[in-house]
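The block underneath contains the structure these notes are about, expressed in structure tokens.
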Amino acid sequence: MLQLVFLIPIIAGIAVFFLPVKIGRLAFIATALFHLFVTALEWFHVTEPLHSKYFSNTPEGMLVLAIMSFLFLFISIYTVFYMAEVEMTKEPIFNGSMLLFLGAMSMVAIADHIIMLWVAIEATTLMSAPLIFVHRSKASLEATWKYVLICSVGIALALLGCFFIIFSMETSDLHVPISFSSLNGVAAQLNHVWLKAGFIFIVIGYGTKMGLAPMHTWLPDAHSEAPSPASALLSGALLNCAFLGVYRCHQLMFNAGLGDYSSNVLIAFGLASMLVSAVFILNQTDYKRMLAYSSIENMGIIAVGIGIGGLAAFGAMLHMIHHSLVKSSLFLSAGNILLGYGTKSIDKTRGMLRLFPKTGITFFAGFAGISGFPPFGLFVSELLIILGAIKAGRYVVITIFIFSLILIFAGASRLVLQMVFSEPENDDKLVPERWTRALPPIILLLTSLALVIWLPDSLYQTIQNAISSIGGTVNG
Amino acid sequence: MNTFFIALLLIGAGGLQALATFRIYSLMKTIAVSTIIGGCGVGLYDAITRIFQQVDPVVCSYEWLQMFTFSLNIDAVSAFFLVPIFAISAVAALYSFQYMHDDKRAAATANNYFFYSLLIISMALVVCASNLITFALAWELMSISSFFLVIYDVHKKSTRDAGYIYFIFTQAGALFIFAGFGFIYSYTGSFAFEAIAAIPESTKLVAFILILIGCGSKAGIMPLHVWLPYAHPAAPSHVSAVMSGVMIKMGIYGIVRFYFLMEPTSVLFGQIVISLGIISGILGVTYAIGKQDIKKMLAYSSVENIGIILLGLGIGMLGVASDNKTMAAFGFAGGLLHVFNHSIFKSLLFMGAGSVIHQAKTGASNELGGLMKTMPVTGRNLLVGAISISGLPPFNGFISEFLIYYGAIHGLSLHGASFIFSALAIIALAVIGALAGAAFTKFIGVVFLGEPRSDKAANTTEAGVLMGTALSILAASCLIIGVWPDYFVQAAFKASQAVPMISDFAPTSFMPIMTSIARTAALFLLLFILVAVLRKLLYTGKEITKSGTWGCGFTQPTVRMQYTGTSYADSMVDFFRPFIRVQKKYSGINKIFPGKTTYSSQIHDISEIGLNIFIVRPILYLISKLRWIQHGNIQLYIGYIVLAIVVMLIFI
Amino acid sequence: MDFTFSSVSFLSFLAAFALAPLFMGVILKVKAFFGGKQGPPWLIKYYTLIKLLRKGSVYSTSTTFVFKLGPIISFVTAFMLLLFFPFAGLSPVLSFHGDVVMLFYLLGLGRFFTVLAALDTASPFEGMGAAREVFFSALAEATIFVILALFFRLTGSLSFVEYFTGAQTVNLWSESAALILLVVIALFIVLLTENSRVPVDDPATHLELTMIHEVMILDHSGPDLALIEMGAFCKMLFYSAFISCLLFPFHTGTPFFNVIVFSLIMTLIYAGVGLVESITARYKMDMVPNFILTSFALVFFATILTMEFVQ
Amino acid sequence: MIHISNILLALILLSVLLSLRSNRLMALVKLMAFQGVVVSAVPLVLETAHGVNFNLVMFFLLLVLVKGILIPGLMYRAVKWVVVDREVEPIIGYHASLFAGLIMIVFSVYVTNQLQLAMLPENHKLLLVAAITTMGAGLILLMARRKAITQVIGYLMMENGIYLIGTALAKQMHTQYVVEFAVLLDLLVAVLVMGIVLNDINHTFDDVDTALMGQLKD
């Protein structure tokens, strides 16, 4: 049963609220494991969805789900040890919300019905709000407020977009279930004007959630104020879910013959995101905000890649996978840094290599990965996007693309080099480094590395299936 | 191919074991150095056999990520570039044994060896890569490993800054290369090298220019060279030797390889490359004259030599475009041979400079002087390096410059623009040659000759035996190639035969000339010895006394009166004034009885200033003006969403 | 490499080597004439050389072996020039296609060591001279290589012997006389520069601050100085001979006649140098680059002209 | 029946305009409750052409419960217990807001006429006008009011507008109320979450003025 994927975490999440802390922790990790198991079953199509009207098993959904589930396992392990360090009083609430959040995200990944997808995405906002809220400091309140309000407004607009899509079907006198799978079948007959309008609202709505500029404004605040495990999950899984919503709609547009239009929209938003993040990564003073802007950038890259299509679409999918792994690893490292130094200021976190060598190395490796250096996967995906873009003749796009990549790299590398390699101001460590917290980010990085050395056949096929619906091919 | 892989494996093993055994410092060094040298030896043997024994090119390929093939191919060009990679790396490793001596930084040293071996491997892979993906992958590996090598002294701010600048240039360059690949791929639809020749001429030009920018930023072509004078002084000397001697040549390799693959016919290629060569060569050497930090000066001299190499390649390209086989063959062969020669003498000079800095604890030439007496081995070897790099016979630099001259002079029989470019290339080569002489007389004269200008310089002792040995090996190679150039010239011609047009070009009529040059060089050496003996005879039984230098009537000379590098360079730097920024500070004399007066002069790189004024500052300014976007005001944020909707609905 | 074992070649070479100091005497005589003096004897330079060879030497404590290498190498490189030059159209001892490039680079090697020897003394004056020497010669180098390019354009060869005795010769009597005239003027400027004559340098001045070449050899003495002087004579002879060969077509006519004419022209050139030295003053140091660049401009102009002439 | 629906729409427009010029929070909350009830009734009135069925009525009741009672009740409680200063505190003044609301109406009439809606019944056009105006006014409240609580109200109004657009465009909802129920649930939870955050904001900042919350910026 497909729905198990979100039912299990939701039930477990509610249970964790009420369980004692220690048992709750166990249940937390056990659920993560079990979720991964169920996901694996779904991945290989062992079970079929119960209510195929609302849910279905799609390749792109499976990709998002698999990444999410994999990340969640390691993030959950990290969370347990992280929370032990910060001695949080509301740990059950945090863990429970994490599970609920996982449930909502899993729902997004398998939702097929247009409105159901909307509901699930809105649910992710609401479920993740407590995660950001958990410290109850002024800053985290502000971040939560902005997150909830901006995302809700954005997603409300997406609902409008959903209505427009339904209406585009009705104006053409079609009567099929309003799920993506059935709409794709009749896409060519949909009313183009309303479909376009629907697409715009959905891109803006889900784009708000995905962090596309200029709707990205909540993202740096939320990512920097949330506890690091939550930031990792937000960046590594939630953004992908929102992206999935946009992607589904792009598929529809493509099938309706409006692929050029939606591609251009995606590219425009993607480039805007990259430029905006470049503006704020240069001279950034807070490393978690820097990582958050980097997420905006990478979502922009994915949008550009999908927009360009062909080989670039493959690159974009690979980019999504590797970005999730590497960025979560970076956020987990950032959590370790925050524990060690007690500050998010880049200026005050000097000399990591000497004080916190494990974290320092992991953080720098993650940075190299996110900047597209081999042996990490973003190297391949960025290369593919550049190749694909030029093949598609989008020279202006690729010029801006490369320009922003260089700017961002110039901005981020200065900060990271300073953090990792400079001399520490003093040798004070708030909390010593521990393997338990150092390992999860390392494992995530190693996974990205492993996927570069050996891309499993089934993963490769899934990516190909996912992009074939927007005309993406490996040989494009 | 197997021998090649054994070599790479050995080198890699040497680097990896360092990470494991760094707690036993000297054991780690011994194993690392010997294994790397062993691996390089095997690789060198393999490469040399491939050049001279007409072994068929070997291809091997592996599936990678389901969609790519990872394929390697060693042909004549690859083998030609493999020789300096393995040879110089081995010598530099030998040198590093005594150079890396700080056992308090054992872990850093181990890392250094690890990335050193990774750099060698990745460079070998770059030159053997036979499709776009493999090339890109190896290229990036090379970049990142060299980055880690640069930031060995990471606790110094200057080193981190150097690493930062290098990091940006290398990544930006890589993106340009990828864009160039994009243009190739968009026409061929495959990553294979073979199909590149079929793309249309205009695309070739665009792709070539992009690759030229990307590879040029690695090679240090003039406006893109900014990182070189930062990275080379920052890196440990054996690393700067390999980077300057070999790694920047990978940029040249990229240019050569893709030119060879594209087989273009337009004259524009040659003209662009020659123009860049002239700029890099002349300005590079001028800055080398002006800079007073010995490693910075050597870095600029690398820019100059890249200029010479580009002149050779450009002449070759012009030759191809105008169907002049002699010109094409000699241009390419000269350029390639200069790649090889430069790798030898530049690594010699860098390691020598490293020994100087190691012993004197300073690299500022105005604090050095008189080291020939305290460090005779280093001094003598560097003297050889200096003569070689100035392109003077009977050493190797002259051989490659001669080939380029020969090609360029044959280009004079062309018409129109090609004639002008050939003539300009000749003039540029002549000026570069003469100015290089000026730069390196300064180098030797100020650092090794005369009197020490500071206590640091006065209290030096000779560097370690292995360091000296490494230098001597390279110095001897310089002389050997200068006096017996035949094999090396033939190898260069073999490699340049990868250009289809000159694949059947046999330099038969030229080899006698080469022999003549070699004999003239030998004659020079013979006469030199004869005259030296004669001089000895003339002095027999005569009174030879020692005394202070004649001070032209001034009776109390001090070392502070010695001509410094700055004053030596002053008039030459002034001559190039618009292209070189000189900053002078002079307190002036304003009293009847002048008190303490100060004078200082510094030169600044106009590319760097230009980069600052025209790119970095406007961007930073623009960005500072855009920071209001993230204003913190939620109402404004919702306004953005509304604005986005309105704009999108307008463009529906 | 073409080895000419004919006795004529060797004789011409030996004669040139032996007579090099004599020609220097011409300059002194001309200068004396203009100064209204009797001047030193014609053989003054031979006397000087013999005097120097009999002496011992004083070495500065600052110097190293490089200081002693200087005289040897500068002499050997200049000496080798004579082996390759076809004096009076007679075939030289050695020649090969491309020898010009090699020879000018050998001259560069000689300069390299002269300069190093100067820097080795730690004397500020010698350093100053060295800096000037490398700067001015770098500019002159450009002129010389443009001349080589031009000659290749005209003759298709890269060797002295080809220039003056080959199928296509370069001289004032050929069809490209106009170009050659420009070359001759430029070469004369180069001659003055490379041999440190007025108006670039004044070998006879007494103020070290204003010298170029002389100041660099201040510390050399005895046989070392003799070697340097002999090298300088050879170099001067070479440039004069170069110009002479451009002025008259020596590949025609009988050898005997050629030798007479050649000697005559050589004397005239030396006299010309003396004349210039008598009637002009040394330029200000910062005017010298302009002076040398004039020569460059002349030959570059000539080279560009060949685009029209030789198609 | 047509008259009734027109009257309802007029009431909605009225509530929108009133809320734009309202300067007391309490009045605003009451207006929202009123608007909620009216908006809930709209489908009931429109769908009667097809006959009123049980599901529709049940759904109407649910809507009234959530939009008319629960949510306004929450807001009421918040204003009553939480907010000390009950002034609305506009960024853009009341008159300007009202004027913007009027322009919004003109704009929505223009948009509605531009759209190719031949297939829609006539009264749906007026519905669309009201809907777009409501949505626009919601956005104006979101952008032009300083207090966090007014933003929640703005959000609700926007949601109402979107709901109305959905009603106007859809002949039948193609769903079996499962989805609608879920949407409603989301809305409820959203407001709940916002309420909790609001509560904490008030505790922490002593006010719910969002101007205090501009610390997170670059």
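Observations, loosely collected:
Chains here go by letter, A, B, C and D, matching the order in which they are written, and residues are numbered from 1 within each.
Basically, contacts are C-beta pairs under 8 Å (C-beta built on N, C-alpha and C of every residue); 3 or more make two chains touch, one makes a residue touch a chain.
Because the structure is predicted, anything quoted here is derived from the model rather than measured.
Note on chain placement: the centre of chain B and the centre of chain D lie 69 Å apart, centres being C-alpha means.
Averaged C-alpha coordinates give centres for chain B and chain C that are 35 Å from one another.
A straight line joining the Cα centres of chain C and chain D is 99 Å long.
One inter-chain figure worth recording: chain A and chain B are separated by 43 Å, centre to centre, where each centre is the mean of the chain's CA atoms.
Contact of a single residue of chain D with at least two other chains is seen at positions 139, 142, 151, 210, 213, 215-216, 218.
In chain B, 627, 630, 634, 638 are the positions where the chain touches two or more neighbouring chains simultaneously.
Contact topology of the protein chains: irregular, matching none of line, ring, star or complete.
Contacts between chains, counted with the stated touch criterion, involve the pairs A-B, A-D, B-C, B-D.
Taken in their complex, chain B has these residues touching chain D: 627, 630-636, 638-639, 642. The touching residues of chain B, counted against chain C in their complex, run 369-370, 372-373, 379, 383, 387, 390-393, 398, 401-402, 405-406, 409, 412-413, 415-416, 419-420, 422-423, 426-427, 429-431, 433-435, 437-438, 440-441, 444-446, 448-451, 512-513, 515-517, 519-520, 523-524, 527-528, 531-532, 535, 538-539, 542-552, 557, 559, 561-563, 567-572, 575. Residues 1, 53, 55-66, 68, 71-73, 75-77, 79-80, 94, 96-99, 101-102, 105-106, 108-109, 111-112, 115-116, 118-128, 130-132, 134-135, 137-139, 141-142, 144-146, 148-149, 152-153, 156, 158, 208, 218-219, 222-224, 227, 285-286, 289, 300, 303-304, 307, 311 of chain C are the ones touching chain B in the complex. Within the complex formed with chain B, the chain D residues making contact are 91, 139, 142-146, 151, 210-211, 213-218.
Listing the residues of chain B that touch chain A in their complex gives 65-67, 133, 136-137, 140-141, 143-144, 151, 154-155, 157, 160, 163-164, 167-168, 171-172, 175-176, 178-179, 181-183, 185-186, 189, 619-620, 623-624, 626-627, 629-630, 634, 637-638, 640-641, 643-645, 648-649, 652.
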